[in-house]
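The following block contains the structure, expressed as structure tokens.
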Amino acid sequence: MTNNVFTIKNLNLNYGTFKALSDISIDIEKNKVTALIGPSGCGKSTFLRCLNRMNDLIDNCNIDGQVLYHVDNIYDKNYDVITLRTKVGMVFQKPNPFPMSIYDNIAYGPRCQGVKDKNELNKIVESSLKRAALWEEAKDRLKESAMSLSGGQQQRLCIARAIAMEPEVILMDEPTSALDPIATLKIEQLINDLKENYAIIIVTHSMQQAARISDNTAFFHMGELIEYNTTDSIFTNPTNPKTEDYITGRFG
Amino acid sequence: MSNKRKRNDKFLDILTYISASVGVIVLSLIVVFVLKNGIGLLNLDLVTNDYHAKFYNGGIEEVIDFSETEKPDYLTDADYYSVKWGVAFTDDLDREGKAIIVVSYIAEDSPLYYMYDKNNLDNQDFKLEVGNIVTSIKYVNKESSLSIYGASMMISALDEEVVFREMVFSSLGGGIRGSLITTLYTILLTLVIAMPIGVFSAIYLNEFAGNNRFTKTIRSMIEMLTGVPSIIFGLLGLTVFVPLTVSLTPADGANIISGSLTLAVILLPVIIRSTEESLKIVPEDFRFASLALGANKTQTTFKVVLPSAIPGILTATLLSIGRVIGESAALIFAIGTAVKDDISIFGKSTTLAVHIWSLMTDEPANIELASTISIIILIIVLILNVLVKLLSKAYLKKGIVG
Amino acid sequence: MIKFKKSIVSFIHSAKHRPKRGVIDLITRLFFLVSTIISASFIIVVIIFIAKEGIKPFITDNDGIGKVNLIRFLIGNTWLIGTTFKSSLYSVGFIIINTLYIALMSLLIAMPIGVLTALFIAKIAPKRLSSVMRTVVELLAAIPSIVYGLFGSGVILKIVYDLAKVFGVQSRGGNSVLATIIVLSLMILPTITALSEVAIRSVGKDIEHGSLALGATKTQTNFKVVLTSAKSGIFTAAILGIGRALGEATAVSLVAGNAQSGPSFGFFQTTATLTSTMLQGIKETIGIDYDIRFSVGLTLMAVILLTNLSLNYVKRKVGKVNVK
């Protein structure tokens, strides 16, 4: 229990009448990279968004079950969503930097939490960019617009932006699908470095990527969690035939 | 820290809610004000009456048969009635608070119908009507009855006599028939002038024009018209269209035609834009199909493209009507500010909007009548807006389905 | 210019070499082209004719009253009616300052209210309330300016008059700078709200989600991210708003007070704008008073043009800083 950041029990989710997630139960470990794989529309992104309650923003979304962040159910009535999101950060599929300077992008989160001291912000910006492997490229252009960065750089900026909040968990929703191979490689290296300090849950449609970078892998299909195990086991010795079919490319 | 942020958020939220309510409050205030001040005058007479009070001098020969009608039941004690003459007068106050005597009833067999127009003996249509104001009645061997003596005295004085020298009376005035007719003429004339030019320009720009410098220049020149305030167009009307119409028509000053020409210029960008938008929606395939069947561009345009653009043209028409009704500054110069009862398109008069301005710049300003006219204008504008909305909804539906 | 000529030449060329069957099309095309040229020519007609009349007072003798001095016209601070006072003392300088001052103040009031209302409609209100509010804004935009003038004259003047009394100031029945500013703010409010709403709604959802995912509240997201992203559209709204404020005539003429000298900065002083001056005494004028209106009109067009140019310049500059 203490090694898990998230404990999910019997999670069900409906968009209106469409059942997107059926009875998901899974434990996410600390300081590990957990990959969520499966064919398009299987519910992996939906599941990811449950973990920081971003599904609240979608109309007609009904959730049933328990999602425990450490020991508290985040879907309790009085749960502080805002604080949750500072502890559980998110990086989106398409890089979405704000139309502000690079500096302001990173400083945005801390500023929202009330951090005003110039020196403190400077430190946060520098350390976040360093940890996101973007400092060298950005340090001389901090006041320039974030929109002037390349796609890969923007995504690393978004990661830096999330890190600036000092989260415990970073959720990544297909973070490299909009990027070229070189940028992808850089991000994968980054994820490898990050797992020392953060639990990372990454949705990916690329099995190769999952195999490369993750410690644990969960296979989703049609809203159900088919199999969850260490990455090695899943890829070399899947127990469920559906998993084997997907991995060997019979569908997906 | 979290509390401070909560307070900040709350503060901003409150500011936002207050700002949003400003719009609603202003709209309600305007509507309430206009209704409160104007509803009193809103009746059918207003719409059909002349604005200017007309003055009459009536004379009468010796009367032979007098009225036999008794005082009708619906008249009150405030209505002073003469059985002999079959007429009832009542006291009232005019807009400036002066005492006046108003005719509240006149029987069908009243001998007053024998009155003739002292100023125009050929006038067949001369008669005293309910609502007319009686200023004085002059007698042969008695002192005149004046309105300051009150209705009761006037009726008793009249009752004693079988003939009088002269009755001075006037019509109420304050009607807006003239302005209504002017507005109607202006709308029609403006549409007749502006729609063809606008629609044809839109057709050229969308169907025939190439994507070159020339076209771009033309487009920006038309767009520039939207940035010019309407009062400037008024000056344009004054210096171009008024002299033009004066030299070509019986007009001798500002007139409805010059006003319509001025408005047409103002409306051109609106019409062109609206028509172009609906032309753009017509799928290229329609045109190709027509051309492939051997039709030439002209036939394609008129028979295929234009009919599909009708909703846009209709929208443009409705928007134009709304604009004409609301326009004041330009027409103050281009048609003038003289409120008239006899309307000719070659002469000055006022549209409803300009009439309001004229009322408000009088001393004293007639806020009541101005509000009444505003009610009428607002209702028309509201209906037009609703029509435009319905039209675009229907058009969208048709576009997707058909 | 060369390209312009080239396109006309190619037009004529292609026209010449069309097959006979295309004659009908050619005629039609010409017919439509003529309509278009007519439409496009009006802007030129406007400028030329108003300039023609507007320059007259400066170069003719004005029936013995004397030429109007151009410099004094532009920078002076008194406006006297020529035929009455037998003077050529027309100065529009102070009126220009009044006009700009009033338009700016109206913008300052209408912008926050309009932008926040737009934010409310676009992001905060539930769908039903949103569309009701949107209709309210549309209705306000559809009300003709003369009705705003009536409202200003009947309601705002009284309020300002009473307010002035509270401050111990005697105002001319309420006709004042403040009344004019209030009326103008009300008139440009719908325009600003509508355009800002469009700008706000076009801000991508992904940016909003990005902000929320970082632990910002909805309000913080709206103010720190959404509004800043919609900056450019909101600026456009301001430009259009101030254009409308500068050009508004009948409503202003009913609440301004027709000051003969100035400029008037005090809220309870009477004032005069370029447009109200053009309407002044329109019911009975001849001679130099007639012509001078065109000069004022010319000035108004110059002021609007300059304002638009400078604001657009600022917009481009600001835009450059943020989005390279």
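In this document, chain identifiers A, B and C correspond to the written order of the chains, with residue numbering beginning at 1 in each.
The criterion applied here is as follows: a contact is a pair of C-beta atoms (placed from the backbone, for glycine too) under 8 Å apart; a residue touches a chain by one contact, two chains touch by 3 or more.
Just so you know, these numbers come straight off a predicted model, no measurement behind them.
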| item | value |
| --- | --- |
| Pair exhibiting more inter-chain C-beta contacts, B-C or A-C | B-C |
| Chain at maximum distance from chain A, centres defined as averaged CA atoms | B |
| Cα-centroid distance, chain A relative to chain B, in whole angstrom | 65 |
| Centre-to-centre distance between chain C and chain B (centres being mean Cα positions), rounded to whole Å | 26 |
| Chain centre separation in whole Å, for chain C relative to chain A (CA means) | 50 |
| Per-residue overlap in chain C, given as positions that touch at least 2 other chains | 217, 220 |
| Interface hub residues of chain B, defined as touching at least two other chains | 5 |
| Of all residues in chain A, the ones touching two or more other chains | 112-113 |
| Touching residues on chain A, where the partner in the complex is chain B | 112-114 |
| Complex contacts: residues of chain A adjacent to chain C | 52, 54, 57, 82-86, 89-90, 92, 94, 96-101, 108-109, 111-113, 144-145, 147-148, 158, 161-162, 165 |
| Of chain B, residues touching chain C in the complex | 5, 8-9, 12-13, 15-17, 19-20, 22-24, 26-27, 29-30, 33-34, 37, 196-198, 200-201, 203-205, 207-210, 212-214, 217-218, 221-222, 224-225, 227-233, 235-236, 239-240, 265, 268, 272, 296-298, 301, 322, 325-329, 332-333, 337, 353-354, 356-358, 360-361, 365, 367, 370-371, 374, 377-378, 381-382, 384-385 |
| Residue ranges of chain C in contact with chain A within the complex | 204, 206-207, 209-217, 220, 224-225, 228-229, 321-324 |
| Footprint of chain B on chain C - complex, ascending | 3-4, 7-8, 11, 21-22, 24-25, 27-29, 31-33, 35-46, 49-50, 52-53, 112-114, 116-117, 119-121, 124-125, 133, 136-140, 142-151, 153-155, 186, 189-190, 193, 217, 219-220, 223, 243, 246-250, 253-254, 275, 278-279, 282-283, 293-294, 297, 300-301, 304, 308 |
